[in-house]
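Please find the structures below.
Here come two complexes built around chain A, the first alongside chain B, the second alongside chain C.
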Partner chain A sequence: MTFLFYFVACLTIISALFVVLNRNPVYSAVMLVLCFFSIATLYLLLEAYFVAVLEIIIYAGAIMVLFLFVIMLLDLGREAALPKLKKLDKALSLFLVVIIFLGILTLTIWSGGDLHQTLNPSSVGDIKAVGKALFTDYLLPFEVASLLLLVALIGTVYLAKRRVK
Partner chain B sequence: MIVPVEHVVILSLLLFLIGIMGVLFRRNAIIIFMSIELMLNAVNLCLVGFSRYHQSVDGQVFVFLVMTLAAAEVSVGLAIIVALYRNRQTINIDEINLMRG
Partner chain C sequence: MDFLALLIICVKVLLVFAATMLTVLLMIYAERRISAFIQGRLGPNRVGPHGLLQPIADGIKFLMKEDIIPAGVDKPIYLLAPAMLLIPALMTFAVIPFGSDITLFGRNIPLQVADVNVGILYILALTSIGVYGLVLAGWASNSKYPLIGGLRSSAQLISYELTMGLAIVSIVLLSGSLRLNDIISQQQGHFLSWNVFKQPLAFLIFLIAVYAETNRLPFDLTEAEQELVGGYHTEYSSMKFAMFYMAEYANMITAAALTVTLFFGGWDLPFLNETSMGMLGVVLSVAAFILKTAFFLFLFIWVRWTFPRFRYDQLMNLGWKVMLPLALFNIFITAGYLALTI
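Up next, the complex of A and B:
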């Protein structure tokens, strides 16, 4: 199981890199689906079964279909003709990324807690516990989330509507 | 847990940095949106790891809320991209530098 975790972790990183580095947005979208599936596998290995199912239904199902639909609709498969970044911008961006990486890595490795211990199995991730927390302690955020979805729905319909002149 | 939570955090850090690199290096608005999704997923992974570490279900509830937010954000963002493409015939974000319609 431990080996499986590291294998899927490598798969996640590689597919994420392909998402960013690929010139063709369609390939990027397909690689992103692979990335979401491997992240769902990681959730399974971390015993978060509800989140794993949600990841596949929402991300790999709904969001990626939306992405692919827009890519096909707009015919975006020709980004290679676009101009590249300036050298200075690239260097500054890389510098920022390296600084963040080293900072968080240092914080993680040198933190005082027992983050490097492996823990006993538990039954935290089962759907019953998540549902109970969602409908008791987190009832208000849950309702606000539904309101947020309603607002997003109205905003999307308004934005996507063709203006009548 | 089968691995130390430290490794989950480092994996999530790497995913987040790949997302940042996508936002900074790419000029295609769709790819930038995908990178934002990658970053949200990295944070979700970290939340699940720590939820497991603390034996508490709160982290998974947060992940649920983040996924709701991601769905709303993607629908509105892609609608904006479609509207932009309809008006400007490009999604290169360097050429989109005006806020008026």
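Up next, the complex of A and C:
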């Protein structure tokens, strides 16, 4: 189990790195799908089956397919459309990334007590518990989120219709 | 987990895999013979008795053919795409129970590879993953017809996945569980307790959505020969083409088995209590499951050679303006009924 965890965790990090490092957007998208799969596997190792399956259905199955759809429609994949970075820019971004990473690392280790909290697997994986929580304790955020999605939907329709004229 | 339990799981995995592959071969044969029958031809009847060895001859032909990788394709993704389609297609069957529990050497062995408590969601997740194979095959081929086929398939599969999910929700509302075993046990007894009689509208919606999800006629827009040459697999040859073919049939087998499980009681034989009949019950239940699945596989072929193809805008209109509202209406009615009676 421990070996499996380290293997999947490494896979998650490596695939996440390749999402950023690839110059071809289609490859980045495929790597992001791999990353979602590894995260889902991590959830599986925690026995949170419901969350794992949701991760795949929502992120890998729906959102990333739409991403790929857009990338293919705009035909971004053929050549890397991004301009080459200058040396100074590269050095600066590397510096910033290292600083932020170290900052997060120190913060995590400093407040390490919270890391060892264990969740009850049955409560995370249970669909009834999730549903109950959504419609009682978190009803307002839930409804507000759905409203937000509706606004985004109306906005998209408006933008698409305006271009037709 | 001890050694024997591991062994049992391995045997079950191998058994299901072999059965799926064998059914794929039989389906290819059946498709050609039934299409020939419908069109007043004979179909393949030379290789082996009644042409039964024809699919094996086809398989050997695919293996021996030259493997062409066209110039200008995106090689890694081009090579990966057939596997990305075939693997989820073969994995989906893992959660479908294909018989009542069997007792061997004092052990209770469920005839199902994995009993997951989110079984239906697992199936939905894997069917939504299958899209990548089609889309990436279309893109990596670097050719216009495959690209159009890939784009069409992504739009079609996303639209109909939604409808299929909503049709399943009304079944889940009735059974109160996402485990396929619970859904089957809830349909046991009289055959009027099968979900198809309780949820006829959901069954109709699910069946139509399944045809769209497996890219079968009347919804095979992604590979419409007359307009797109071969759609997403135009640039593929030899075994990689065969993998697309196998994935299509494997998806059909899973879809038929899932239809049986959700709406026709799975391995249940009406008026019989299989679990109390020992070995005979197991054999009967497996036979019932195979027969029911075979009927829906036949229906796939029957429909393909009987109906013309939809136009693309008709497909989208049907999906979003007819099927989706109907599915939502069905959920509303079901939930309302449950809320009033319980």
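We take it that the second predicted complex is superposed on the first by the 142 of 165 C-alpha atoms of A that agree within 3 Å, B and C clash if a C-alpha of one lies under 4 Å from a C-alpha of the other, contacts with A are read in each partner's own complex, and residues count from 1 in each chain.
Here is the rule we go by: a residue touches a chain if its C-beta (ideal position, glycine included) is under 8 Å from a C-beta of that chain, and two chains touch if they have at least 3 such contacts.
Since the model is a prediction, treat every value here as computed from it, not as a measurement.
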Fit or clash - chain C, chain B, common chain A: fit
Dominant contact partner of chain A by residue count, chain C or chain B: B
Partner chain(s) touched by A:L68 [first = chain B, second = chain C, both, neither]: second
Chain B versus chain C as contact partner of A:L45, first or second or both or neither: first
Touching partner for A:V33 - first (chain B), second (chain C), both, neither: second
Partner chain in contact with A:A129 - chain B first, chain C second, else both or neither: first
Chain B versus chain C as contact partner of A:I56, first or second or both or neither: second
Closest Cα approach, chain C to chain B, once both complexes are overlaid on chain A (Å): 14
Footprint overlap on chain A, where chain B in one structure and chain C in the other make contact: 50, 54, 62, 66, 73, 125
Residue ranges of chain A in contact with chain C within the complex: 26-27, 30, 33, 49-50, 53-54, 56-57, 60-62, 65-66, 68-69, 72-73, 77, 125, 127
Interfacial residue positions of chain B with respect to chain A in the complex: 1-11, 13-15, 17-22, 24-28, 30-31, 33-35, 37-38, 41, 44-45, 48-49, 51-53, 55-58, 60-61, 63-65, 67-76, 78-83, 85-86, 91-92, 94
Residue numbers on chain A that touch chain B, as the complex places them: 1-2, 5-6, 9, 12-13, 16-17, 19-20, 25, 28-29, 32, 35-36, 39, 42-43, 45-48, 50-51, 54-55, 58-59, 62-63, 66-67, 70-71, 73-74, 76, 79, 82-83, 85, 89-90, 93, 96-97, 100-101, 104-105, 108-109, 115-122, 124-125, 129-130, 132-134, 137-138, 141-142, 145, 148-149, 151-153, 155-156, 159-160, 162
Contacting residues of chain C [partner chain A, same complex]: 74, 77, 116-118, 121-122, 124-125, 128-129, 131-132, 135-136, 138-139, 147, 150-151, 154-155, 157-158, 161, 178
